[in-house]
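Below you'll find the structures, each written out as structure tokens.
First chain A sits with chain B, and in the next complex the same chain sits with chain C.
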Partner chain A sequence: MQEVKATMAGSVWKITVKPGEVVEEDQDIVILESMKMEIPIGAEDDGTVKEIKVAEGDFVNEGDVIAIIE
Partner chain B sequence: MIKKILIANRGEIASRIIRSCKKLGIQTVAIYSEADQKAPYVSMADESYLIGPPRVNESYLKTEKIITAAKEAKADAIHPGYGFLSESDQFAEKCRSEGFIFIGPTAEVMRKMGSKIEARKAMQEAGVPVVPGTEGAVATIEEAIEGAESIGYPIMLKASAGGGGIGMQVVQSDEELTKAFESNSKRALTFFGDGSMFMEKKVENARHIEIQLLADNHGNAIHLFERECSIQRRNQKVIEEAPSSFISDKTRNAMGEAAVNAARALGYTNAGTIEFLVDKDENFYFLEMNTRIQVEHPVTEEITGLDIVEAQIQIANGEQLGITQDEMHINGHAIEVRIYAEDPVTFFPSPGHITIFEAPEGEFIRNETAVTSDYDVTPFYDPMIGKLIVKGINREAAISLLKKALKDYKIEGIKTNIPMLLSILENEQFQNGNTTTAFVQEYYLPQVQTK
Partner chain C sequence: MSYVEDLQNRIANIEKGGLEKYHQKNKEKGKLFVRERLELLFDEGMDIEDAFFANCMDDSLPSDGVVTGIGKINGQSVCVMANDSTVKAGSWGKRTVEKILRIQETAMKLEIPILYLVDSAGARITDQIEMFPGRRGAGRIFHNQIKLSGRVPQICLLFGPSAAGGAYIPAFCDIVIMVDGNASMYLGSPRMAEKVIGEKVSLEEMGGAKMHCSVSGVGDVLVKSEEAAISYSRNYLSYFPANFRENPKSMEAKDIQSFEKSITDLIPENQNAPFNMHDLIKQIIDEDSFCEIKKRFAKELITGLARIDGKTVGIIANQPKMKGGVLFHDSADKSAKFVQLCDAFNIPLLFLVDVPGFMIGTKVERAGIIRHGAKMLATMSEATVPKISVIVRKAYGAGLYAMAGPAFEPDCCIALPSAQIAVMGPEAAVNAVYANKIAELPEEERPAFIKEKQDEYKDNIDIYRLASEMVIDAVIEPEKLREELTRRFAIYETKNLNFTERKHGVYPV
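Showing the complex of A and B:
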């Protein structure tokens, strides 16, 4: 199991996968937006998306868990 | 005569514009979002209007709300600052059709310069050299490979609708181009809703050098020399200086002349900047034109003694420039650093609560700041929280003063790029003037990433 974490504080701009979806390493899971910068957060490993813990528009802090991949 | 100006902006540039207005005895009107209620610029203005929630598309980009505030305040002119609506020809047109003076050029010239493809064409017609590239957008890989054949590698691939460095990549071969085209086009489609790409010859070891222009409504146009802004991260400027220590007087004059000729050919008015890429042999190529005041305008003010914001207002008032090219001289060397609320290594934004904010003070030190102690830096806007500008009799003196001033800068509570700035100033390559747009990748990042 891997936790996908926010690398910066900001809001969730786009969620690019759905629970149950099979993802590859480095595939974008969400795109965060902060201070005019959009940062894609990718999967660290291949797996299946178990849970997405945020919704589009949510505010996250650096280190918050965004999704869980199995 | 302009008696009251609404500033359609926020942060340090709003404060900067208010200062020049005060000097000229002009009343000022600030606009602010819910996130900026406590911003210093709001209390500096004579009047202020809340225009909406924090998000820019509900506040600083809302033309109707800005116009309503301007009417209510009975302002007679609108200064757009930089960013936000400053380069929107529609905004300029709307301001004017509602009876306000828009402090900037005509909507027509803004529209032309806002399109990468049209701007290129206009500059070519004005005799300004452009970087070899595709004439229009490239939609397929086949077209891209065909274009690459005539341009020659290395090539800079850019998203037509792009900005902020997204969808930009340098490629060296057909194979790399194919791969990069596919992934960047896909990403551009996700981000901007448009996957079309644009290709340009990559100018190697390029410097970013730009010419500041002033042009009045009576046909007078002058340039205020150059600014070198090669030190960038994420394709955004970090350190800017004037003059450039790299170009010769001959190149300086040729670039200035090309820029003034372009301004005349375009019928350009007010302040503007033409950005060029300059290669190691001092060949220069048009990059883009900014039809507004720029973040780094203070370095030009420091070496020329002119107040560019004041000049903008006077030009908008219909006054003559009152200075000629022959009267312009470079005096000393100025450097500006942008203070960003961000991680100094990853460059990721670092919004949060500033507990202590103390800018350095002293002779030849100038601060343009957007924040104070006990202040929240929100995630809604650009990470720039201030600019520090110093002046010296020469570049060496300016660097030395800048180092001292940066060491005295005190910001607590959030991460800032000050460690990065200090590290660059200590770098021998920087001190020797070896400043290309690849500086951060070539010299700064390897140094901090091995630590």
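Showing the complex of A and C:
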């Protein structure tokens, strides 16, 4: 199981996967918007998305868990 | 037994190092014997070894647990100190320390690089009075390292633990290469942490190679094996001169790797969209010449040595793919050390700029981003080697300053046509200036108004306007960037500058 975490503070701009979806290493899970930049947050390993813990528009802090991948 | 036979016997015994069981233990961990490491490190073995007989009256302490000598790497003589962890876990006694001091002093006299092959449990508590507090005690090792810093390259290869005071040897080196799984650094062991402060933690978590190379930044390069560590260090040294008085040696020039996508195609038009700066770097440097430093730490900034037309350059590049390329306290710190490293050894600097600015928010303010950012600016500003700043895309706010912007005396600041220089981006600027006005407008009129103001703003910061004001020295076609850099670095070679008159600055550390 891996926790996908926010690499920096920002708001959730787009969620690019759904629970149950199979993802590959480095595939974008969500795209944050911070400092006016698009910040893609990718999976660290191959797996299946178990849970998305945020909604579009949410503020996340650095280190907050965004999704869980199995 | 003749004198000669006696000598030969003694040598054979000492060369074997510690007891067989310790050799076996090391082998199980994938660790090589110290003399095998040195065999791999040098072009053709060690040329000189001194104090081989140190502590030879005690059979249990061959060479007193450390090998010191001189050999060649890429044809250049270098000094080496290498712990022998089969001898009392590589711990330091009085003679161990004296041997280390002497090889450092040799490096200082000969002005040649020094490598520290560290694998040591730390001080021998039983010998503390002889090796810890005095004028020729262990503290002197660090004093010597500090003196050597910037004079000759100092490299640390960490094969095992580097504990307590010993952990400062890596800290004072230019670069620390750590073997994953075996290398560690810590001031107090996990056992001590539990006893003294009540924390329960594993060694790997607290002071492991991965942690140090990705979180603390005390480690620079994470490798999978000792062989990989040795080969990295040999390659790394090929970019450096023997000391600060000389220039790095040129190598045969190579073409760039061939690519399907041109630089123009690589860079997204949308300033806010990410792209991989590594792809751009590959298109301007000699093929396979990138030696990245701190690859896993503060990834929003790329630092590494490379060659352009066979000549060494140090590259500092924003990475829009990671954290939007925004500068953080850790990236500032990473840049500061790398710039100092290059400046110390006459390695020209190339800044590739695509930066939205420094990070803002509570978290980074509490981490002291202002002083870390100031440190980045200070080291860059003081660097007197040739400096070229290339504005690839955006250069906003203090980001422009930190990346060798025009005010910091780069030899030139050149821009690609995609460049945009401003205090802040159009979205943020319009928001800052017209926030009240936007709020007063009926909602349906807002998007059009915002677009109009953003377009006005974009015209105002147009790159040709900045070229017209001579803020930048040239606008270059992306596909001609490598040629431009080759010519400019060749011309700037004769640069000779003294930054200013003083003892030294007061660093914003």
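To be clear about the criterion, the second predicted complex is superposed on the first by the 70 of 70 C-alpha atoms of A that agree within 3 Å, B and C clash if a C-alpha of one lies under 4 Å from a C-alpha of the other, contacts with A are read in each partner's own complex, and residues count from 1 in each chain.
As a convention for this text, a contact is a pair of C-beta atoms (placed from the backbone, for glycine too) under 8 Å apart; a residue touches a chain by one contact, two chains touch by 3 or more.
Note that the coordinates shown come from a computational prediction; the quantities given were computed from them, not determined experimentally.
**Student:** With both complexes superposed on chain A, which partner does A:36 reach: first (chain B), second (chain C), both or neither?
**Tutor:** Once the two structures are laid over each other on A, A:36 reaches both partners.
**Student:** Taking the superposition on A as described, I'd like to know which of chain B and chain C A:68 touches: first, second, both or neither.
**Tutor:** In the superposed model, A:68 contacts neither chain B nor chain C.
**Student:** Counting touched residues of chain A, say whether chain B or chain C comes out ahead.
**Tutor:** Ranking chain B and chain C by residues of chain A touched puts B first.
**Student:** For A:9, decide between first (touching chain B), second (touching chain C), both and neither.
**Tutor:** A:9: touches chain B and chain C.
**Student:** Mind sorting out which residues of chain A both chain B and chain C touch, each in its own complex?
**Tutor:** Comparing the two interfaces on chain A, one with chain B and one with chain C, the shared residues are 7-9, 34-39, 62.
**Student:** What residues on chain A touch chain B, complex-wise?
**Tutor:** 7-11, 14, 16, 31, 34-39, 59, 62
**Student:** Once bound in the complex, which stretches of chain C touch chain A?
**Tutor:** So the residues of chain C in touch with chain A come to 272-274, 320-326, 328, 356-357, 359-361, 363, 425, 427-428.
**Student:** Within their complex, state which residues of chain B touch chain A.
**Tutor:** Against chain A, chain B makes touches at 164, 166, 190-191, 234, 341-343, 346, 348-352, 379-383.
**Student:** List the residues on chain A that touch chain C in their complex, please.
**Tutor:** On the chain A side, the touching residues are 7-9, 34-40, 61-62.
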